[in-house]
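These are the structures in question, set out in turn.
Common to both upcoming complexes is subunit A, partnered first by subunit B, then by subunit C.
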Partner chain A sequence: MATATYTRSATMPCLICEQKNSLEAVVCNTCGAPMALIQEAVAQDRDPCIVTVVGDSNVGKTVYLGMLLDMLSNRADDFEAVPKGAYSVNLQHSVVSHLSMRQFPPKTAMEVDDWHWAYYQVRRRKRTTDTYDLVMPDMAGEAIAAEVANPKTFKVIRSLLEKSAGAILLVDGALAAAGSPQPDFFALKLMSYLDGVIATRGEKKLTTPVAVVLSKGDYCPEVFDDPRSFAQSNLNRLWNICESRFANYEFFATSVVGALAYGSDEYDNVVPYPLHIAPRGVIEPFEWVLTKLQGDCKRR
Partner chain B sequence: MTQTTIACDQAIFTSIRSPMGEGYRIVAASRGLKPEEKQAITRCSPSHEALCAPRDESGSDADATGTAFYTLPSGRLCAAFTCNAGAEHTGRGGLRVYTQNVVFAETDFAKCGYNPLAVLRAMKAAGMTAPQLCIRTPALMPGLSSPVLPSLELAVDASGVQPLDGSLCALLPRSRRCCVARCLMDGKAVAVELPKGWTEWAEALVLGIPGPLRAKVSFGAGLRFSVGRGHCLQIFHDERRAAAGRASAQGIRFVDSETSEDAPESEWLSFVERHWSQGDVHGLMRRTSRPFADCSPEARERIGRLYNATDALPQTESVQILSLMTRTLAELGQGVEREIRLELCDAAGCTLLDRLSKARWNDVRALWSPLLNLWRRGGEATVFAQMLVACVLRSAVKDDPQAAAETALDVARDIPVGVDRVSHDGLLNEVLNRLAEATTQLSEASRARLKDIIHRWQTARPTCPIVAGLIERCAALQLGVART
Partner chain C sequence: MALKLFSRRRSNDQAAADRHGQYEGLGLPPTFESFQPASLPTLDHDALKRAFQQGRYCAILRDQHQWKDSPQFAFVVSEVHRELEQRMALVPAGTVSIAQTLSAQPGDSEEDIAVEAFLLDIHCVTNARFQHFVDAGGYDMLEHWPEEIWPHLIELEDLTGQPGPRFWRQGRHDVRLAEHPVVGISWYEAQAYSLWIGQHLPKEAEWQMAASWHLHSSTNLVRRFPWGDAMNKKRCNIWGSRIGGTVPASAFPNGAAPNHVLQLVGNVWEWTDTEYSITDGNNRPIVGEMPMHVVRGGAFDTYFEFQATSQFRTGQLALARTHNTGFRCAMNLADANWINGG
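Presenting the complex of A and B:
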């Protein structure tokens, strides 16, 4: 990366959409991504590896990503993760604080400047493998849905996916287990969108690793038994597009809260309260994506 | 600019669970909305926790409302009203934010007095600002009876602008409001932090810029600061440091209670400021919401100068007013600027007439020469000066008929085009008749002066029957005046 050029110029390109921004810009004028990403990337003199977490609204992206980052920074499973900039810690801070107060974190707003972006350097402690600069934004599910339904509504999402080395697709396992077709259809739309964004020449399957994570496993423990079979039975449309168009995909199940209590608010909405944190299957999808990315690097 | 109807499409942006998905999105819309319009509405609509709550005790979070206005990629305009509509349905805290959008053609904007807030008031009058969510079945979340909304005709009253009360005026002092208006007219984005009164100030600030420029001035009022929405003007209450930092880093001018700067000097801002300081938003609307053909900085200064001159008439000396009229009537121009110049002339005419009708001849004698110059210019200048000439002569006739007759000689010949000859002759007859009536009990000096006056009138109007009658009357009085 041309460090000298960036530091001398009065402008700096956005890491995500590559549009020029002033040096003082906090977020990109065009796509809303934090400019700290490029500043850190320049300082590290290394192309960052972007892993994007996508999924429908209310599928659990914020809780999953916050818990994943917290576990990584807690050195779970031999990982070592260093946040690059205090803004990177905000998401895990919010998630862990809310869960410890027996609340789910607030809904992520659609406004791009309200999204939490995390930028971590991750590596295995005991193995002499490469260090990865991981950029993981916590996007609003509605924004993803809007972009999937009408491409270029949120340019940042398209730019991000174009630049992503890997993706983690969250699918509401509990809804799917209850027989709702909504998770299957949304995942199908998203994979179709991803197929269009990361299109390769000819009929070749996409090599970008995609971990399909069945969330809210605490509602339906059977997803942990065999996520592949669960997906094949309950998310058949998703399964089929993965098989047809993606070379590297795997199904996982995850759960963050151990038990839930339910109350209601003044409008008779059901309000779930997480009683304790019991993460299960959080690291595995990420580890799988990293392993696939390492394999790619070796092949290159 | 009063009552008008505009054709609108509508869209509702909120968070509900439906068979097609959940979360914030356009849940219902008119069929006339284009995909790119829906995209822009989705991008610009506020979502979770986006409404500001007043900093004082004047309202609760649930009562918070916000407004927005922006141009869509199709060129149509969108006015949006946002409020809370119950709790966020996933139970993760916070209130559901509900936005009703109305989309209309830019060509209808002029009919609305170039005032987006007039459209928002029309939405309120039509009952469109109340959330249209209903409980379909108790087991389901609130939903809409249909995802298709009808296109509609909205009755807009462009003149229904409310004044700004004193407490709201004080929230944004002179230097800051002028600074905001200058930024908007220069096409620069600006963020204004206010504890309350966001919509009221949005209207006052928007009306502070020329009407035709307003279609390009997008704004959000009562919505938390967001770079993503990309509005030119954001008026909100938020965490100061966070908003200030984000705004300045994006090149957005941030204005709040800690901003200290001298008010920019400008003729346009000078009259706008006068209206703001009096809370007179309606008067401001009448002056700025006109179809100006030229909104360039130079044109704005010209127009501002005219409005300032109009407002300053009561304090301006009559001689200076005549001088101003000479300049103004020399270049009336075209279109709205011409109308404003003529309005200035009307106001100046009224002011002068009021003064002249109350003044004595000796007090107005000094005005006669500049007035005569104006009268002789022809065209609009003559028409303007004619009524003042009449007023001055009538004033003189009352005090000194001979002086009036002497003065009237200046306007007895070479009458310029534009003068109504019948009424002008009537005026001269009035002067001469009064002179004829005042021919008794004259001193020697007055008799000599009268003789001279009649002689001059004979030269000026040899065939005038009144002059002839006057001569006969003087002959009867043995004043020594003979018909030539």
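Presenting the complex of A and C:
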């Protein structure tokens, strides 16, 4: 989709699926993505890059992305991140508000129009004049799982991944360390799906950068010692497909919670409580993806 | 030789004060390729002198009957008193209010605890000091470890499988971090060290008293931070200070409490002697997967500033050996009989 081709028209294409919508549309009538994204892209006069944060349900995507955006807004590691549109702040606002009250944010809804979308301009303040326009949606893990299991169930996810300039794949490091094969299998399915979505010629490897991030490192600090070795030992299926089909990938570890405790609600359901917040390894995967993004994402 | 109770000693680190507490941290533990092991210190053959060199000052005072026949005894004891005068500070008596609920909202349940005056280490325990414990075979001295932890002692090893803090190698700390707080140690390791040197971990109420300075006075003044009531990221090392790792335990002299105790807020969380007990707003208990102990003060990676105050309380699994948790030691005033000329 090229904003340059958009001229005065009675319709406006969705930034994600490129289907036409009326000028008054708030969300795309095809995929449900907010029309504010294309409006912002038109205002910026360039197409943004899409960086998707994907992963299984309950792996920590919302907390990770919310913290990442808040840390960038706080100029972590010399980054300068400017939200384009008030809606872009909703995710980090929700995550920070909940964590500050020692609660986790609610589960991301399956409905696309309930997702948080963030449109940010990001640059390094001192090291380079390059500025990146990024769109980073917070998608429901169950929706991702449904799309991977039955392609085209959630067209917006397919469109997002087709258009992704980079991806951050969160994998539950704590579950993997405990010996569960579930994280490995889900990651394998997701990478295989990505392999099918992003078309390549012949046996050529995909060049889309993928940061594989082992989440919940507070549960298993050993993941920080050597994420690559950890992945090779505990997520071998994922490791193998990365090696076979992807040209640009790297392994990282992250945690946001410093300590976790458990209570119960009125129905005796177990409720986890983040006792204090100590972000670790949040910026590094994003920084790596940024360095791998192609030239189209940068404005000089 | 009384401890100077309320003296505000000038910092020896004038250069640091001139930089308004700005320090370059070395960040997280060095990689294997860059690790520089600390050398083995040369210790005296005489057991009493060796104990002094190892920093076991309170143990020397506690076990005086064991040393009194030594010809060096009087001299060493006077040196011990001098060292403790410099390394410890008096925290006066007062009362603290400990939140009992997770949210700690106004009106929530609190426990008021009266705290007697006590002595507290001015600095957190450093890698260099902890090295003495490791070199002396501290991890094999079962008398300093509760029996329930004995089967787990073998798990308390460094990156190369030697007994020691988690991020050490071959039983040695990185020499560049010698004066940084020791981290990667569980509550049990902190407690064992404190017992070895003849001291103890501060109780949570004692720690809060030292940080909040809530004296028995008519003003009812409670400090949110050791230096006052407003966060100042140039007075401590938290996430917003943009250092990204630990700094020497003597850094940020401008963030000291009135009695010159340093870094009660920031740099590393500090183990206390108190088990972590907390409830939700409906009085339902909140517990960890294993026993937890209270940690206080925040660390270099504490993101929310309100989680690095004198009142904020949180917990950590007792066996957790995190990169951002250290400790300091305390001493009962009754054991400091030399203060009153005893």
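Heads up, the rule we're going with is that the second predicted complex is superposed on the first by the 282 of 300 C-alpha atoms of A that agree within 3 Å, B and C clash if a C-alpha of one lies under 4 Å from a C-alpha of the other, contacts with A are read in each partner's own complex, and residues count from 1 in each chain.
Everything that follows uses one rule, which is that a contact is a pair of C-beta atoms (placed from the backbone, for glycine too) under 8 Å apart; a residue touches a chain by one contact, two chains touch by 3 or more.
What you see is a predicted model; the values in this text were computed from it and never measured.
S.K.: Could you tell me whether subunit B and subunit C fit or clash when both sit on subunit A in the superposition?
M.R.: fit
S.K.: In the overlay, answer first, second, both or neither for which of subunit B and subunit C A:R280 touches.
M.R.: second
S.K.: Would you check which partner chain A:G258 touches, where first means subunit B only, second means subunit C only, and both and neither mean what they say?
M.R.: In the superposition, A:G258 contacts subunit C only.
S.K.: Please indicate which partner A:Q182 is in contact with in the superposed arrangement: first for subunit B, second for subunit C, both, or neither.
M.R.: A:Q182 sits against subunit B, while subunit C stays out of touch.
S.K.: Touching A:P221, do we find subunit B (first), subunit C (second), both, or neither?
M.R.: Second partner only, subunit C.
S.K.: Check the residue A:M101 against both partner chains and state whether it touches subunit B (first), subunit C (second), both, or neither.
M.R.: second
S.K.: Can A:G166 be said to touch subunit B (first), subunit C (second), both, or neither?
M.R.: Neither partner.
S.K.: A:A140 in the overlay: touching subunit B, subunit C, both, or neither? Say first, second, both or neither.
M.R.: first
S.K.: Between subunit B and subunit C, point out the one touching more subunit A residues.
M.R.: Counted on subunit A, the partner with more touching residues turns out to be B.
S.K.: So after superposition, what is the minimum Cα distance from subunit B to subunit C, given in Å?
M.R.: 13
S.K.: On subunit A, which stretch or stretches are contacted by subunit B in one complex as well as by subunit C in the other?
M.R.: Of subunit A, residues 266, 271 contact subunit B in one complex and subunit C in the other.
S.K.: Help me check something: in the complex, which residues belonging to subunit A touch subunit C?
M.R.: These residues of subunit A touch subunit C: 67, 71, 74, 99-102, 221, 224-225, 258-264, 266, 271, 273, 275-280.
S.K.: Which residues, counting only subunit C, touch subunit A once they are in their complex?
M.R.: Answer in residue numbers: 102-103, 159, 166, 239-240, 269, 276, 278-280, 282, 284-289, 292, 295, 299, 301-304, 306-307, 312, 314-317, 320-324.
S.K.: Taking the complex as given, what residues does subunit B use to touch subunit A?
M.R.: Going by the criterion above, the answer is residues 15, 19, 21-25, 35, 38-39, 42-43, 45-50, 86-94, 141, 226-229, 245-246, 248-251.
S.K.: So in the complex, the part of subunit A that touches subunit B is made up of which residues?
M.R.: It comes out as residues 22, 24-27, 29, 32, 56-58, 103-114, 140-142, 145-146, 150, 152-154, 182, 186, 265-267, 269-272.
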